[in-house]
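Consider the two complexes below, in which subunit A is the common component and subunit B and subunit C are the respective partners.
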Partner chain A sequence: MLDRIIRDYNEAVFETDKDAAFEVVNNALANGLSAEDVVFKVVIPAVEVMMSDITRDPDANLAQHFMTAQIAAEVTEKMLTKFVHPPEIIGRVVIGTAAGDLHSLGKRIVMGCLKALMVEVVDLGVNVPAEKFVTEAVHYGADVIAISAMMVHTATGENGARKVRALLKEQGLEHQIRIVVGGAPYRFDNELYKTVGADGWAADGIAAGKMIVDLIRAGKTS
Partner chain B sequence: MTPLEILAAATNGTPAPRIPIFCNLLDQGARELGMTQREYYRKGEHVAAGQLKMNKRFGYDNVWSLFYVGKEAEFFGCDNILYAEDGSPNVGDFVIKSWDDIAKLQVPADITTHPAWAETASCLKILREEVGATHPVCAYLTASTTMPALLMGMDKWMELLMTGPADLRDHLLDLCSQFFQQEVAAYRAAGANVLVYSTPFGTHYFVGRKRFESFSMPWMKRDLAPGGINNIVYYCGMAPFNEVIPAVMDELDIAVHYISPLADLAEAKRIIESRRSQDGAAYLTCGVIDDIKLIHWTPEEARAEVKRLIEIGKPGGHFLFGTGVMPMAIPEANIKAMLDAAFEYGALS
Partner chain C sequence: MGIAQVHLTVVTPAGEQTFRVPAGTSVRDALDLTELRVRAACGGSGGCGACGVTLIGGAVTPPTTAEYMKLQPAERACGVRLACQMRLQGDALVRIDDPAPPSQWRSIPPEELIPSPGALPELPQHVYGVAVDLGTTHIRLALWNRKTGQRMATRRGPNPQGGFGADVLNRLSAAHGNPARAAELAKLARTAIVQAVRDILKRDVGEVTPMLKEIGEVIIVGNTAMLALLSGHGGAALLDPDHWAGRIDCQPTDRTAFQAQWFMPHATIHLVDSVAGFIGSDLLADLLATRLTDGPAGALLLDVGTNTEIALWDGTRLHVTAVPGGPAFEGVGLRNGMAAETGAIYRVCRPVSADISFETVAGTPARGFCGSGLVDAVAVLLATGQLKPSGRFAVSPGPDGFLLDPANLCTALFSQDIDTFQRAKAATAAAMVALLERAGLGWTDITRLCVCGAFGHRLDVANAQAVGLLPPLNPACIELFADASLAGAEIGLLQPAGAAVFAALGERVAAINLAQVSDYDDRYIDHLRLRPIDINRKV
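Moving on, here comes the complex of A and B:
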């Protein structure tokens, strides 16, 4: 039965059909699958499959990334209310768009993925000052600050990731909190993330979810 | 030959001394005039003066009438533009905050009487008078399928598009298409003669094949039908779109394509040539440099990339060298190196 559920769910996600995905989940619950199994045996593996498929599929597109993340986040959110025990959280991330930037699609895709991967995400919104990234990261005990920027000046300017890096350094938090960045300018210049002081970047929102999880795990074991 | 004649020669495949060389130094105009971005973009005469000075300094072929992309949102009521001194102005507050706001949205009955048009018209008048007889005057127009992103933010638009009620989505698109049809007519009447049709949803990078055919293509046809495709340039906001070129040429009849630096330029040129070269029709492939890398490249690296692109595009003609977003952080030495190389390697006789 589980194999069929996984297959049907993956198909619905790949076709960006949210209603069909929820129907699979509801039927699975009705047939006795626990909410925990839905998340850990169906949803999370599906996100991982999508990460891999999207990387290989030349037809993969932004709309598909968006829907994959939204479906995964919504199903997970619904299932968490049915968990017998609260799940173990992998880590915490504060996320926002850089100062001066209101482009929020990438941030939303990353948030959806992270939620489904059991990462606690604090959304700081758009046009976030560097100081706020740092104070909120400290407040929430975040492992990672994720900064999205779609314009060159918000990605590389003095008020974005560069300033967050400077503030972390100033406060002695550089080895405690990692910085990741994403957005169009980094796709056009794959070395750009280093020049703004980030620890990592990803070419798209789905890949960013995995990169952040890897970074959190690496930080906890180092 | 004038730049306008060079562009026509490249498009028609007739002899010319060199390929056309296009550049967009938009925000740099404010720095050139010693103004803040807010002050610069307040008046059409400033933008025209900035563009004419940049054009004179570097000698490329075109001038731009574009202020900033978010300006189109002003026609729908946006009055909050976020200015920066190191980059382009941006929409600071979205007109559509909830789906309920879509019902209240209106397209001006005549956009040329709207205050948002006045300064653009003033800029175009100066450009037309100063260089209109010799230089291409470019305009930037956002497709109906992308305009909602300027009005509500890309994630909210994606949500409405993918999961929202179809009638509400279509109502919004209908308004945006009505606006586009008016806007393209207004730009043509004001003297713009290179009309860059910005249509990121017209690529498989944004939507898959099925949605491109069932959604993007019908709305693009609707945008372009009343005014036709004369002087229209297909541009997907720097996203690659080689896969859709055949459909764009066959179904929309657009023959000028502004290729993404992330795409295979040789492939794009082959696709375009294969559909047009037999019948002697006009067409143009625009090879675009990855100008974000110009921020940290050396002048020698900039020259080498220009050489690479022109060597791909120049054989067989019907080729233009162009730029993408030209961030303000690019050192002037690199702009000069890029353009010098384009003139040198782009020579045809």
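Moving on, here comes the complex of A and C:
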């Protein structure tokens, strides 16, 4: 039965059919699958399958990324309330869009992927000043500050990632907190993330999830 | 398409080209729409004699009196004709030994123009006027004799700021904090406009400098970013979301220098104020041209372009917004994208037998897709099942992309092009829904939908409906306008009330910033799917 559920779920996600995906999950629950199994045996593997599929498949489009992330996040969130024991959390991330930028979607997708990968995410919203990224990261004890910027001037400007880097340096937090960035301008120029002082970037939410998990793990072992 | 189409083949020192044109068109008018123009120094009256071409053969009208007056008998014996006098009755072959030097400017096809109103301003002098639609991708303008109400000529050409980025923000960012660069961008647009005017004066009037002095007004409409870059003022405010609720001042601070640069000492240069944030005065011009607010509630206007603007008339207020439709609809940002120029695939037909067929502008070999061709291609591939509603190809097309014509690499579509298309159409459709919601209306309340901008007349409405770009309303409610912003600027130029008409419209406007509409992003994702918009769903 599980194989069939996994296959149907993966297909629904691949076809960006959210209703179908939820139907698969609801049927699975009705047939006695536990919430834990839905998350760990269906949803997370699906994200992982999508990860490898999408990295191999340059054709994957925005709707697929979004749906994978969104469906995964929604299902996970719903299932978490049904968990018997709270799950183990890998790490914590504060995320927001750069100052002057109101494009919230990229952030949402990244959040969805992180949640489905058991990373705790604090959403700071849009148009977030550099100072706030840092104070909130300190407040929540975050491992990573994630900054989304969809426009050239918010990605490269003085008030975005550059300023966050300067503040971390000033406060001696550079070795504790990593900065990751993403959004259209970074996709056009794959070296841009270095220029603005970030530790990593990713072209899409699924890659972002992997990159951030890797960074957190590397930070915890070093 | 009532008028029969004929083929005009032109041989020049550079080679041979064939164009498809409506029968009855003069050779000059036909070529004025292309990059291959004849020489000319009058409005095509037969007065200058500059437009000589050699007729090799074909079905054309006999020589006119003007041709007898302007051409030597020896020339006539060799087949020399005046291109502005000779009309095509069937296919024809002509030779042009000395075409006009290459230029970016072309005439706007007359069928795209909207007639302008009857009442004219009282003018003792400086009777000429120029109406300009300053677009991100294209500049369109028309020269008028405001006294007689005669449109002398029109031009369309690329906005040369494109080198600084296809979209508005790249250009604003380039100018931001860099006065030299800002000046350069302003100069590019200013020079382009005056060059187009000069091109008209040279080719359609025959006199340049004296005529520039006769121009009494230049009225310019455009999106806020274009106005700011032209004037060199307002760009910084536009980059800051805190300023978007209200109107951003984009008036030039160097008016005298501006007039001097243009050699138009008597011209009032009038930049029509934009509405709010990125919502420009080109939208006001569209509203004037389509008379949207003269009709009943439930009228929607969509100006598709790099900066797509939308207005919804609810009977008392105009709800308006701007959305980054993305340059895709103007053919920019696709691997094989291009403007609707010679060789652009503008229509793709559903296969009757096995192959997909398509038509290009002027019927020349395909060089790429313009916006309407892209909409058609997506709709046709969706109908044949080669593209799935998710936007993925049923079978991955491989490194050369999906070729409409296997023998022509310029006809390839790539997965990324489809993704770009989906984003642009989703942003647009979701924005229309957001406006409906704000006005408390539903799709079924819409009785009129005016589609202006990039697609022109060429958009296939059924295909746009099938992919979810336009709502599946009764096609009789949907009207296509090719050059509405220009027409609106023309109204402003000619009305006795002048540019005050814009201000009056502006008063009725309620602007919406989609970034503050909480469920806009959910709608956007919903609309990514290639499927008809559900008009019965409550918005």
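Following the convention adopted for this analysis, the second predicted complex is superposed on the first by the 221 of 222 C-alpha atoms of A that agree within 3 Å, B and C clash if a C-alpha of one lies under 4 Å from a C-alpha of the other, contacts with A are read in each partner's own complex, and residues count from 1 in each chain.
The definition used in the following text is that a contact is a pair of C-beta atoms (placed from the backbone, for glycine too) under 8 Å apart; a residue touches a chain by one contact, two chains touch by 3 or more.
It should be emphasised that the depicted structure is a prediction, and the values quoted were computed from it without experimental measurement.
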Subunit C versus subunit B on the shared subunit A, clash or fit after superposition: clash
Superposition-derived comparison: subunit B or subunit C, residues of subunit A touched: B
First, second, both or neither for A:F66, with subunit B first and subunit C second: both
Partner chain in contact with A:K78 - subunit B first, subunit C second, else both or neither: neither
Which superposed partner A:V152 touches (first subunit B, second subunit C, both, neither): both
First, second, both or neither for A:K41, with subunit B first and subunit C second: neither
Partner chain(s) touched by A:T195 [first = subunit B, second = subunit C, both, neither]: first
Partner chain(s) touched by A:N127 [first = subunit B, second = subunit C, both, neither]: both
Touching partner for A:L105 - first (subunit B), second (subunit C), both, neither: both
Touching partner for A:T16 - first (subunit B), second (subunit C), both, neither: both
Subunit B collision site on subunit C, chosen from 97-105, 115-123 or 205-213, when both complexes are overlaid on chain A: 97-105
Contact residues of subunit A, present in both the subunit B and the subunit C interface: 16, 59, 61-64, 66-67, 70, 100, 102-105, 108, 127, 151-153, 156
Interfacial residue positions of subunit A with respect to subunit C in the complex: 14-17, 57-59, 61-64, 66-67, 70, 100, 102-105, 108, 126-127, 151-153, 156
Subunit A partner contacts - residues on subunit B that touch it in the complex: 82, 84, 86-88, 90-92, 94, 153-155, 158-159, 161-163, 204-209, 211, 238, 261-262, 290, 292-293, 295-296, 325, 327-329
Complex contact set, residues of subunit C against subunit A: 165, 169-170, 172-173, 176, 239-241, 388, 390-393, 396, 415-416, 418-419, 422-423, 513, 515-516, 521, 524-525, 528-529
Touching residues on subunit A, where the partner in the complex is subunit B: 16, 18, 59, 61-64, 66-67, 70, 100-105, 107-108, 127, 151-154, 156-158, 184-185, 187-189, 191-192, 195
